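As structure tokens, the structure follows; a few thoughts come after it.
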Amino acid sequence: MALDRRGFLKFVAGGVIGTGLTPLPWKLTDDISIWTQNWPWIPHIPDGEINSAPALAKLGQPEYGILVSKVKGSPILARGNPNHPLSQGGIDPLAASSVQLLHSPARIRQPMRKKNGAFQAISWEQAIQEIAPKLSGLKGQKNKVACVSGDETSSTNEILAGLLQGLGSEKFFFHPGETTLYHHIWQKIMGGRGHLGFDLPGADLVLSLGPDLLESWGNAVSQQYLFGQGTFRLLYAGPVQNNTAAMASRWIPVHSDALGHLALALAYHILKKRSPPRQNLSGFRQLHRYVRHNYTPLEAQKKTGLEEATIQSLAGELLQARRPLVLPGSLSGSCDVSGFDLYCGFCLNLLLDRLNTAGGMQCIPEPPKVVPGAPSWSKMLSGDLLAELRRIAQGSTEAPELMLFYESNPVYSLPDSKLTRKALEKIPYKVSFSQFMDETAATCDLLLPQHHFLERLDDAFTPFSSAAANYSVGLPVLEPVHSTRSTPDLLLDLSGKLELDLGAESYETLLKEKAGLLDADWGKLTSGGMWRNNTVVSQDRLELWNDRISRMLGQDRERPDKYQVHMVPQTDRRTGSPRTAIPPFGLKTLREEELEQNTFFIRLNRQTARKNGVREGSLVKIVSPEGTCRAKVNLDEGVMTDAVVVPLGFGHTYWDQFSRGKGDNALQLFGIRCESGSGMCHCSTPRVRISKIEAAR
Amino acid sequence: MSESMQIHEHFQIKWGMVIDVDKCTGCGACQVACQAENNIPPSQQSFDRLRSVHWLYVYKLENGRPYPESDIAYLPRPCMQCGNPSCASVCPVIATTKDEEGGIVSQIYPRCIGCRYCMAACPYHSRVFNWFDPVWPKGMEKTLTPYVSVRPRGVVEKCTFCHHRFQLAKRRARAEGRDPHHLKEDEYIPACAEACPTGAIAFGDLHNPEHKVHQLSRSEHAFRILERLGTEPQVYYLSRRPWVRRQGDNYVQKDQQRGE
Amino acid sequence: MLDEPLLPEGVQRCSPARFLVWITLLVAVVIWGAVAAFLIFGWGLGVTGLNNYFGFGLWITFDLAVIALGAGAFFSGFLKYILGIDELKNIINLAVIVGFLCYSGAMMLLVLDIGQPLRAWFGYWHANVHSMLTEVIFCITCYLIVLTIEFIPIILENRQIHKISLFRNLAHNFHIVMPLFAAVGTFLSFFHQGSLGGMYGVLFGRPFALREGFFIWPWTFFLFILSAIASGPVFTMLISRLMESFTRRSLVPYSTKELLGKISGFLLCIYLFFKFLDTWAWATGVLPRSGFSFEEMFNQVYGQWLLWLELGLCGVVPAIMLVVPTLRSRPGLLYAASFLTCAGVVVNRFVFTVQTLAIPVMPFDQWYTYIPNWTEWATSAMVVSYSAIVVSLAHRYLPLFPKERQLNA
Amino acid sequence: MSSKKKGGIMPFLLGIAAALVVGWIIFPKVLYVQETQPVRFSHKLHMEQIGECNLCHSNREERAYATRMPSTKDCALCHYTALTGSSEEKELVREYIKKDKQVPWKASQKQPDNVYFSHLAHKDLECRQCHFDMENRDNLPPKYVNRLTGYTKTTMKMHECERCHARENTSNACYVCHK
């Protein structure tokens, strides 16, 4: 039977009908739809036992205990730890991204050496062979090695400073921030002892003079918890209705350069109504006289721009409260606060008799030192990196031969980036321990990547703003993902090679020793607990008045008239910290009026916009004496007239695709100001000019 | 509203959320916790409500007054888990239903055909579509949780009140020999409520007088978004500020001033 | 001519070369659309201009519009076979083909439009009886099958195929049962036109689309049916006019066109009566109850001009032109009125699809504007082009118009 | 007609027959990949020795999502050293127990990613109601993996879950099982 066309057609027809009688078409239809649930290019979810381990969030201020959930030992997410007193179960968006940061594309995967301008991967042996001779060559020469640390609470600092000391250098600096600035004013200017802490849990009225305490100042997570509990009434004075102001019972709009004046204006009323503080304060009479003379209601109104009634009612609230607490500090939670503002805020607390008392300003003892060769913590904190960089750039100080960067990214996160770059260029050899390819690491000659904080053992002694001395330890929760090393252990190894005795075999023994000195239970510390001690340091030689103070009070700020608009920096944990760029999940939480494509937004009110000829959505240039940024305008009536809010955390040039090229780095608009009197250098908030960028360009 | 538009079903438990707008600082911890918990991929762009895959969005509300009378508030918007969902009845393939004890509106990814009719129906924009396949940077897929399956492109997704935590809580109760349908306060709370540092997000059974949400939802300061449309949301908001409460719904001129 | 034996007897057709050039042009457009379709299937709907606010866009507007305009098929069939208006035999073949193309084209776009086309069959297997969309899916599929069955005898009329006795007999039998299919088609079509309207009317979260209803059906259910049967006949007529101008031959007697215009005109009047009533009830009932004012439903882009365009220029004006015999008898005016009628339905389907979604319902939400991108245009053009190819082939090889020879004698 | 002469209905029937063979016999073979288990194991023998499933398949890890496969620790409870002298057992001891390596058992009823299943919620049922005749098997069944879907042949389909839930008057709500 030959198969002709008709026969073939019949065969096909039979085949089609027959196929319908088999499972083939039906099963295939079903399976194809099941296939769409399981596309091989879509990752599968893990399967297995879920448990959680305590860890310590060390991404920069604030630091607190968290819990890391794991599946078969692999971390999947970070949650708040209800048992850790510094977090009480809360978490901030940056710490909540901790686990994802482990796998950030920006992680440095192994040691690297720069050769002809490009990094090449090397082994750890090669890395040590590279660094050890360099250090030993500089050993004994004075101040040839410098170090910047951005982690103010870790015992690693003792190792770093101890190593430097052993090499003959005193150039250990902390990345400038509130810790160093508060320390400077409290100890060097006012003669105080111990570190300042603030007992927010004990206060019933909190007046914030600038600090965005529900977002960027101190331990925001803990403060948010307290706020939620409603334990204190919150008043906010500052130029912008930030998250703290929005939540506060009252927002008192004051330009940032008038916050110190406001403190003294309030002091005027308090001095009038209250008997002198019990604390023995030298110079009280001089201050009294100064305030009574210079902050009369009329003067105060001129200096603060506030109605007399406002100041009076504010003072009334402070006087009526049982446990009021005044918080001076930076608007962005970093180094943008002058010594003057800090001093005035401290004074107000002192005049209200709020020192070393429940709900007041606390003097917390220094952490015990476990590296014998290291300088004291007070000594370590007294280095002024901004002043040093300025001197190096100007050539008034000889640049060190070698500089170490630990958990610090000065190229990105210091004001006046031109000056920073200029100073760093003079340093011939730079080493970064960064976990991430940040802007500073990129300028270094040698990268010795440190473990991510979830991969390493580390500690935190009394993070800034804590009400009392406390100590937490975080154990690693997973094996390192990349070929990284714990920096303290690496440094201890190196010190052995350099024949320096830092007094410890390993970081672990060192931390155990510290816990022992504190009489803290190691087991409790490593299972997510915290050691705490309420001892305070009594003060016997506090000075409210001296030469430096009178000079600090007397000076007037320079006001270039070319620039009209007050610049207000703002930090948001969704965009990272000075150490960490925008985390993977953080980027998607930025609203359309915060970042659009790659342009970030500045905020100003309608009146300011009109004055400067810009509108909602205008593309503008912000020009300060130090630099220029490009941004879009977001009209926000929660900003004072003649002020502009510039968010920080944008404009990274390295890191990963979640932060690189997103907006501009507003820090380049800020300058470095070295205050006469206090001698302290800080980030100045200059006035700026805003101009529309022509669409044609 | 015609009969066909209403689904009347009564549940013993009614999971609900009460968000205190006056306590929300807009910090974004809830959003990050939500993304991590529910395997929502990170994005290389900032939030784009037209395209971003998100379950929880924090709106910034403004009172519209000029400086210095201005005031702002943050309003986190999860899925409202409506008592009378506008989305469920329109789905042609029963991929979204309101049938579980507790009244969570389910969304079944392997069933969804991606017609987006539910998105057109939802006035809260709680529902988002997977315009592309999800992508994690190399290595970051290791942080996927076992709680929620990964969604391919072409399906709709939304907040589920972390219902997997309900499943886990029920299992825990079973393991301890308790009735899985009588959970204690806070035995089951979504990731956002857990992460919130100020405790602005309360969660529990609205029917159960022992749960704090029961009282909170009856507060004179409580309101729901677009209550007038008849969606019966199971998410309540609290604010002592009249202007915030008024932004919860639309009012024409002759309507009574709400809360004022 | 090469394909002479295939052409219907006694008619003039352009040269095969010319025809080939025309078809090539159309195929090029189809390929452009196919490229877009490939991108959409390969990467996902992210390559289109659709988004979370506008989940429905150009495609759904296109689908709704062609399904409304394709109503000419069922309604002409209804008038001819059920009501026995014999005059319509002059255009009924074209009506069926246009209907078939509108529905099959809509189906093609729907497959692109859903995110998981491989799961499309869930619509039948896991149907949700409460969803208006389910009704649409079932009715459209069934009606497409009916249209296919109605299309087959027309194909069998081809000169060569007709020579085969089997097919000749088949065609004859089909013609006998055609009234039955016309009846089934009418029923199905009524329902899905209505359900398409119902899809919007039930959106109680969207005050712009929400309508009260009669029993389970919102008013849009009936308005969509009315607007479809009012515009369908004149759309078929416009297609025939378009073919006439392309081929430069008379195909349908003017009396038939006028009749279609008259039918449409009267139906349009009825539709507009209810539509105005509905709009008034919506503006004074639904909106204030939801807390909205009429003005809040419009912005600079989606302004009130759309409403007046739809109801006035594309509603009342063509209705008058079609109803008044002296106006209708002037070809220019008849065609213009027909075009306006069709445009009005397109605008109606557009506002229900896009404006409904553009309006911020939450007070703190904002307006967004939807702009379709090239992939959506290309695939829509592909469907138009495919339809043009089928119509061209049908015109060339099938005796569609019984009066063609007589008119061109 | 000429067609009747040329085979009549035969090609049509042939077509049907060919399709049936392809659809019923060849297609299932092509669709599934067969994977064998790493170690021979007799449930029958172990049931005779132990008498209950829960000792090895305990769901004490109640916080886990997974249905539990025995770990090497469970095996080591008895097989720390070889008991029977069979070559399979020796291999188990040598390759897995001594090296403290998990045996890569191939679960053939693993739930898909989108399904949540709690054995605890089903503890009142007999194991064999879902795991069929496993306890009487002398060997482990090979695992058949669907090339297209990646699921195993024995993965329970949703309607099977639903049928039982309906019978037992338990909720069939989507979120009882889906995630």
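The first chain written gets the first letter, and so on, giving A, B, C and D; residue counts start at 1 in each chain.
Keep this in mind: a contact is a pair of C-beta atoms (placed from the backbone, for glycine too) under 8 Å apart; a residue touches a chain by one contact, two chains touch by 3 or more.
Just so you know, these numbers come straight off a predicted model, no measurement behind them.
*Asks:* Relative to the centroid of every protein C-alpha atom displayed, which chain's own C-alpha centroid is closest?
*Replies:* Taking the mean of all protein C-alpha atoms as reference, the closest chain is B.
*Asks:* Indicate the whole-number Å distance between the mean C-alpha point of chain C and the mean C-alpha point of chain D.
*Replies:* About 52 Å separates the centre of chain C from that of chain D.
*Asks:* If you average the CA atoms of chain B and of chain C, how far apart do the two points sit, in angstrom?
*Replies:* 39
*Asks:* Just how far, in Å, is the C-alpha centre of chain C from the one of chain A?
*Replies:* The mean C-alpha positions of chain A and chain C differ by 62 Å.
*Asks:* By residue number and range, which residues of chain C touch two or more other chains?
*Replies:* Residues 116, 119, 122.
*Asks:* Would you please write down the residue numbers of chain B that are in contact with two or more other chains?
*Replies:* 49, 52, 109-110, 133, 146-150, 152, 154
*Asks:* Two or more other chains in contact with one residue: find those residues in chain D.
*Replies:* Residues 63, 65, 112-114 of chain D touch two or more partner chains.
*Asks:* Provide the full list of chain pairs in touch.
*Replies:* All touching pairs, sorted by chain label, are A-B, A-C, A-D, B-C, B-D.
*Asks:* Sort out for me which residues of chain A touch chain C in the complex.
*Replies:* 29, 32-33, 35-36
*Asks:* Spell out the part of chain D that touches chain A in their complex, as residue ranges.
*Replies:* Checking each residue of chain D against chain A gives 3, 6-7, 9-20, 22-24, 27-28, 31, 61, 63-66, 110, 112-114, 146, 148-151.
*Asks:* Please give the residue numbers of chain B that touch chain D in the complex, ascending.
*Replies:* Residue list for chain B touching chain D: 97, 99-101, 104, 106, 108-110, 146-150, 160, 163-164, 166-168, 170-172, 174-175, 180.
*Asks:* Which part of chain A faces chain B closely enough to touch in the complex?
*Replies:* Going by the criterion above, the answer is residues 34, 36-37, 39, 41-48, 50, 69, 71, 74-80, 87, 89-93, 96-97, 99-100, 102-105, 214-215, 220-221, 224-225, 227-229, 241, 243-244, 246-247, 251, 253, 481, 572-574, 583-597, 605-607, 636-641, 656-658, 662.
*Asks:* Under the touch definition given earlier, write down the residues of chain B that touch chain C in their complex.
*Replies:* Residues 1-5, 49-52, 59, 61, 75, 86, 89-94, 111-117, 119-125, 127-133, 152-156, 225-226, 228-231, 246-253, 255 of chain B touch chain C in their complex.
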